[in-house]
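In what comes next, subunit A is part of two complexes: it sits with subunit B in the first one and with subunit C in the second one.
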Partner chain A sequence: MTTHTAPVPVGGPLLNKTTFIAGALIALMAAILLYRFIFGLGAVTDLSDGYPWGIWIVVDVMIGSAFACGGFSVAMLVYIFNKGEYHPLVRPALLASLLGYTLAGAGVIFDLGRWWNVWNMYWPWSANPNSVMFEVAVCITAYIVVMWIEFAPVFLEKLGLKDLKKKLNRFLFVIVALGTLLPMMHQSSLGTLWVVLGPQVHPLWQTPFVPALFLLTAIIMGYAVVLFESCIASSAYRRSIEVSLLNPMAKIMLGVVAAYLAVRLGDVIFRGVIGRSFHLSLEGLMFWLEMACFVAPFLIIGTEAQRRNPARLFVAGILLMLGGSLLRMNGFLIAYDTGPGFRYFPALPEILVTMGMFATEVLIYVVVTRRFPVLPREA
Partner chain B sequence: MQQAFNQETNRAAEAAAAVIERRLQISRREFLQFCSGVAATLGLPAGAEAAIAQAVEAAKRPSVIWLHFQECTGCSESLLRAEHPTLEKLILDIISLDYHETLMVAAGHQAEKSRKDAMAANKGKYVLVVEGAIPTKDKGIYCKVGGHTAVDLVKECAADAAAVIAIGSCASWGGMPSTDPNPTGASSVGEVLGKPVVTIPGCPPSPYNFLATVVHFLTFGKLPATDKLGRPLFAYSRLIHENCERRAHFDAGRFAMEFGDEGHRKGYCLYKLGCKGPETYANCPTLGFGDAGEVSWPVGCGHPCIGCTEKGVGFAKPIHAVAKMLNVAPPLQYARIVEEQGRGATFASAAALAAIAGAAAGGAAMLTRNLGMSHKAEELEKAQDKAGKNKAEV
Partner chain C sequence: MSSRRDFLKGALAATGAMVGAGATPVQARDTYTRPPEAMGLLYDATLCVGCKACMAACKEANNNPPEFNTVDKLWDTPLDTSGHTFNIIKMYRNGTMLEKDAEINGYAFMKTSCMHCADPSCVSACPVSAMTKDPVTGIVGYNPDKCIGCRYCVVACPFGIPKYQFDDPLGRIGKCELCRHRHKDGHYSACAEVCPTGATLFGRTEDLLAEAKRRLALKPGTVAKFPRGRLRPATEKMLQGQADGKGEKRRHGWRDEPDQIYEGTVGKYVQHVYGEKEYGGTQVLKLSAVPFEKVGMPDLPPYSSAATSETIQHTLYGGLLMPIAVLGALSWVAKRNVKPDDGEEG
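Up next, the complex of A and B:
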């Protein structure tokens, strides 16, 4: 690990086109959220009794937190499998995770009809420890705290608090261990939520294996986000891409994808529902679209030579992010049927809030990487 | 003492049973079944069947004079064709049918004489049954029997009758002959006599409604309670719609829309085919016809009720005209079982989503192109470096 150059701030102006657009989107989101907190969910969303979860949950929380698994996936690689060479990827991935999870936590609050009651979830006398939601809520909250501690050295370095950093480093391994354990728990629990929905979820998605599918895809999406982010960051900051790191990591990622495909296909075949995917229906189409997103990367970055091309890594990363997102969207919204009469399509304010959430992530990422030591020093 | 009395009663009953078995040529059991059936039809309380049995057994058969005017004899036919094994026997045995133009053997003056004789012999005690409407236009010349107009005959026979029963729709309210423009001035018995009479409307009416009325008269010495149109309440107090076996379909909004369509074949409600059940009072759905079971009646067979028991409905309203609802009118549209929730895609939201997807795809494509180009350039540079090095080495 010590062979790597220490991360440094990228520097440069904080006011540019990207931050300006992100700021505008955030302002729009803030206005909509103000309206939402005054006039309620019905005023801004298309939510109904049949679709109590819209894109604020499915995209901002389910998909957002899966995108935020980069930190967990890379940390697992570095600290559990002792692949120290990937260390330069840890901090940027952790930053993205930190932002993703913190905003997912905020997104849950936006979606709560009676958000002022949320404290009951943590209050021992009101909490319901038998609920899947309780597990998810407590686990995610704990993980957000853990990640902030895990990322704290960055701020401590910046502020020059070396003593404190030293003290923190002494027990940081516990935090890192928790940071690997907690996402495994709640990412699979997010899948369990879907098991709880029962037959309302189409049989192609409703399976007792869904916690495993969610965990595997969360890991895959974590790596895919790192590919995506590295390409974007290098392109935006005009830096060279760490292909020497991304190439072997992509190979590991493909291994996880293969495992996922085996579980996914095995499940639909052994449950005898594969035939449903050949029906001429939206569900059948979405199933194969989702599968295609997971299979195509083998054709795009299957060989060593292909993986050296950052363009290919970038496209494969996007496809896997899309595949994992489709899995979640299909189960929670598209192939989710609560009976006749219920329709859902994200309303414009919902879309704008989700856009604002992603804009917030981009803005904070830009500010932090430009001013704090996150990205590795350019050779 | 009590035992002796019981034995006495039993012996008397046995003797009576023997008599009735001989007279009606049916078993005691069948006879009592008939009496119970009539009591039930009349809606009489338990124990009435015994009174009925006694009255019938007493064999004081009332003399009945049966007049036919503007009609088709369908009412008589339905009485005679009743499939109840002993019905015709009972009709002819409970009553003394002294004058019935279709059934009597006598003809000509002999027939007229038998009517006059019966009227004289049972003055004030006989029952007059009228089948068919009575033409009143042009001094009633459109229907004559033995040289007498129908109007005269009815008035003559009704004068000394103990009771007058109008059977069938024609006698009850004019029926088919009175249909507009009513060229003969066909009128009901009540209109001609100027007083209310008991009416058994129907085209034809259920024979049991007539029979029960007669048995009621026989048992209690008076005619059953009637509504304001003279119809016995036991048979005509309920709308057909109220007891119809297809009612559930009506309530659920399932209607046959044309003969032979899916709904018709599935036995849906015939209201929209013009069934007059909702404005017609009769016990057809509960009694049925021809002793063939509950579904043996027009609506049961798949034809809408034409409202034959109801003046102004039967033969007046077109058969397929929709009935006037006397109780609850069905709404033109039923409330949806499912209430729609959620707006679904709007132009703005769909457009925004499409724009974002397009921008993301475009951005990704551009970035991919740039990455690919820089990669190619790098590879080229490496190749050139290699070549340069090689050259230098050489």
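Up next, the complex of A and C:
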């Protein structure tokens, strides 16, 4: 299994059109956040007591962290299911995950109304183990630390700290195991968050199976993001696409999608609420739109030949990222009804901050892949 | 309800098996019931005259600023509860609005404030124990010194009660705490203290529930007696002032007031005490002549969502048994598959 080539820095200039645009978006975000911390959440968001959570939570944290499951999904494949051939995909995926999660963690702080009290989350006398949010917060914090350790060899290689890297390697298996367990825990719990909302969430989404739905879609979105990123990175850096790896990985991904569809449909049928999806309502429409995103990839990359086409892999990846995003958006925003009189549509500053978060991710990804050994050496 | 629980167990067993260990016994947590000495309010919409004295008293007792919704900005005119308004009387209107407490061509009032659930979603949701339920009084209280402002309580409450002060960079959560800060001085909830008709009545929830059922059994249109202020239990310990004349006379810890019972006409009640069973029961109870869903009270199941949520959490993470077992299994597998020179070869 040691036939693949070691990762190397891509090299090249750090200042280009992409990094410049990303930098501008980040500066804009910083200005808005400064304003938010001085004048409060109401000054820059469309949040209300009917929609106390907006896109900073649902997109930046819930969807952002699911997009960041590439590292988890690929590492699980390589180290738990012993598919060593996927090893070249681990580092780029792990980097994206590291960035996604670290930023999701930062995003939470931007959204916290009383952020200076956040230490209570880690203070045993304040802890509430009954709270799903408590479990999610502690687990995500631990995972961010674990991922930095998992990724540390990249920096240690660059800095030439061979001894330290050897020492770390001895314990790496525990870190890898933790790096698989922790996302399983909090990605499922992110879904459990809406169980306590009870009848405020439409029955097509309110189910005790929601932890399973979130876990499966997080794994799916992890693979989908790897497809997406591999295609983007290849075209941006003018590298060949690792189709020989992406093709079989996409097949595994479809297997997980099939399992997800079985659980999702089985749940709504068994609970007797499938009929609600045929009502002429926004919820009914969104349910089927969400389902379509998970079904369509079977038509697009269902066959071996189709999966050899990078464009098809790319589209299927985007659809599955969208499907998982819709599941989260539907349950927390669109199919969440707190009573009459409330509306929510993200305000421009909210959208700009979310864009700034993704821009930060892109900027750091470009800098790190150009200067540190992350992407596999070109053959 | 048992089928709901069975389904929950099935769902959990399946999720558990998926996470890697299906052997953990699944025990559903039941919905909590009210503590025996739970305190609360009884709001009787048929007695409410819509004077909104309770709203003014609530603002004063909780040191809340007025909220303006008219051009002249002369009066406190909140349209709903908010981070600065913990209690509001809303009006139901239909057609010609000629008859009070009639569903058709009538009008009616309804109080909106914290219901003080027996098994509150906000308390279960709060990650930092800033929202807590007093084990004796059952009052759901808020501690801003712990609160991180995540607003999960705002999202979770089926009554839409905890509200966040979005207009303030140091914003807090605002909600009714039954004036617990005034109890040590012998004062009870300000809204009940000032209510001229006893439409809002303070007391032990058990006594209030009995009073509500007494009213439902009365014949509509007849004359009956109604208490005002605080509902006194049958027997109450009197505490005299101290020997030197200092200190006040107290009744069971409350300031001594003269009996305030008056005669009034019995309303055409809907035969339902709202809050007796909803979401496992609440400590604030309501009576109305107009169906409850028409006056903004949600139709809720007799069990709490907190019970469902905590059952899932503790099944998966109780004692960290399952996570540790899975970690052990994953470590064992990973040890075989992670090569020591990983990343250096090539």
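By our rule, the second predicted complex is superposed on the first by the 378 of 379 C-alpha atoms of A that agree within 3 Å, B and C clash if a C-alpha of one lies under 4 Å from a C-alpha of the other, contacts with A are read in each partner's own complex, and residues count from 1 in each chain.
Basically, contacts are C-beta pairs under 8 Å (C-beta built on N, C-alpha and C of every residue); 3 or more make two chains touch, one makes a residue touch a chain.
Computed from a predicted structure; not experimentally measured.
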{"item": "Fit or clash - subunit C, subunit B, common subunit A", "value": "clash"}
{"item": "First, second, both or neither for A:Pro9, with subunit B first and subunit C second", "value": "neither"}
{"item": "First, second, both or neither for A:Leu41, with subunit B first and subunit C second", "value": "second"}
{"item": "Contacts of A:Gly50 with subunit B and subunit C, given as first, second, both or neither", "value": "both"}
{"item": "Which of subunit B and subunit C A:Pro248 touches, first, second, both or neither", "value": "neither"}
{"item": "Which of subunit B and subunit C A:Met355 touches, first, second, both or neither", "value": "first"}
{"item": "Which superposed partner A:Pro203 touches (first subunit B, second subunit C, both, neither)", "value": "neither"}
{"item": "First, second, both or neither for A:Ser188, with subunit B first and subunit C second", "value": "second"}
{"item": "Partner chain(s) touched by A:Phe314 [first = subunit B, second = subunit C, both, neither]", "value": "first"}
{"item": "Subunit A: partner with more touched residues, subunit B or subunit C", "value": "C"}
{"item": "Contacts of A:Gly284 with subunit B and subunit C, given as first, second, both or neither", "value": "neither"}
{"item": "Touching both subunit C and subunit B, counted on subunit A across the two superposed complexes", "value": "47-50, 339, 341"}
{"item": "Partner subunit A, residues of subunit C touching it in the complex", "value": "7-8, 11-12, 14-15, 18-19, 80, 82-83, 121, 124-130, 144-152, 154-156, 158, 160, 163-172, 279, 296, 298, 300-301, 304-306, 308-310, 312-314, 316-317, 323, 326-327, 330-331, 333-346"}
{"item": "Complex contacts: residues of subunit A adjacent to subunit B", "value": "46-51, 231-232, 235, 241, 308-311, 314-315, 318, 339-348, 350-352, 355"}
{"item": "Contact set on subunit B toward subunit A in their complex", "value": "336, 338-346, 348-350, 352-353, 356, 364, 367-372, 374-375"}
{"item": "Footprint of subunit C on subunit A - complex, ascending", "value": "1-2, 4-7, 37-42, 45, 47-50, 52-53, 78-80, 82, 84, 87, 91, 111-115, 117-118, 120-121, 123, 126-135, 137, 153, 157, 166, 169-170, 172-174, 176-178, 180-181, 184-185, 188-189, 192-193, 195-200, 207-209, 211-212, 215, 263, 267, 270-271, 336, 338-339, 341, 377"}
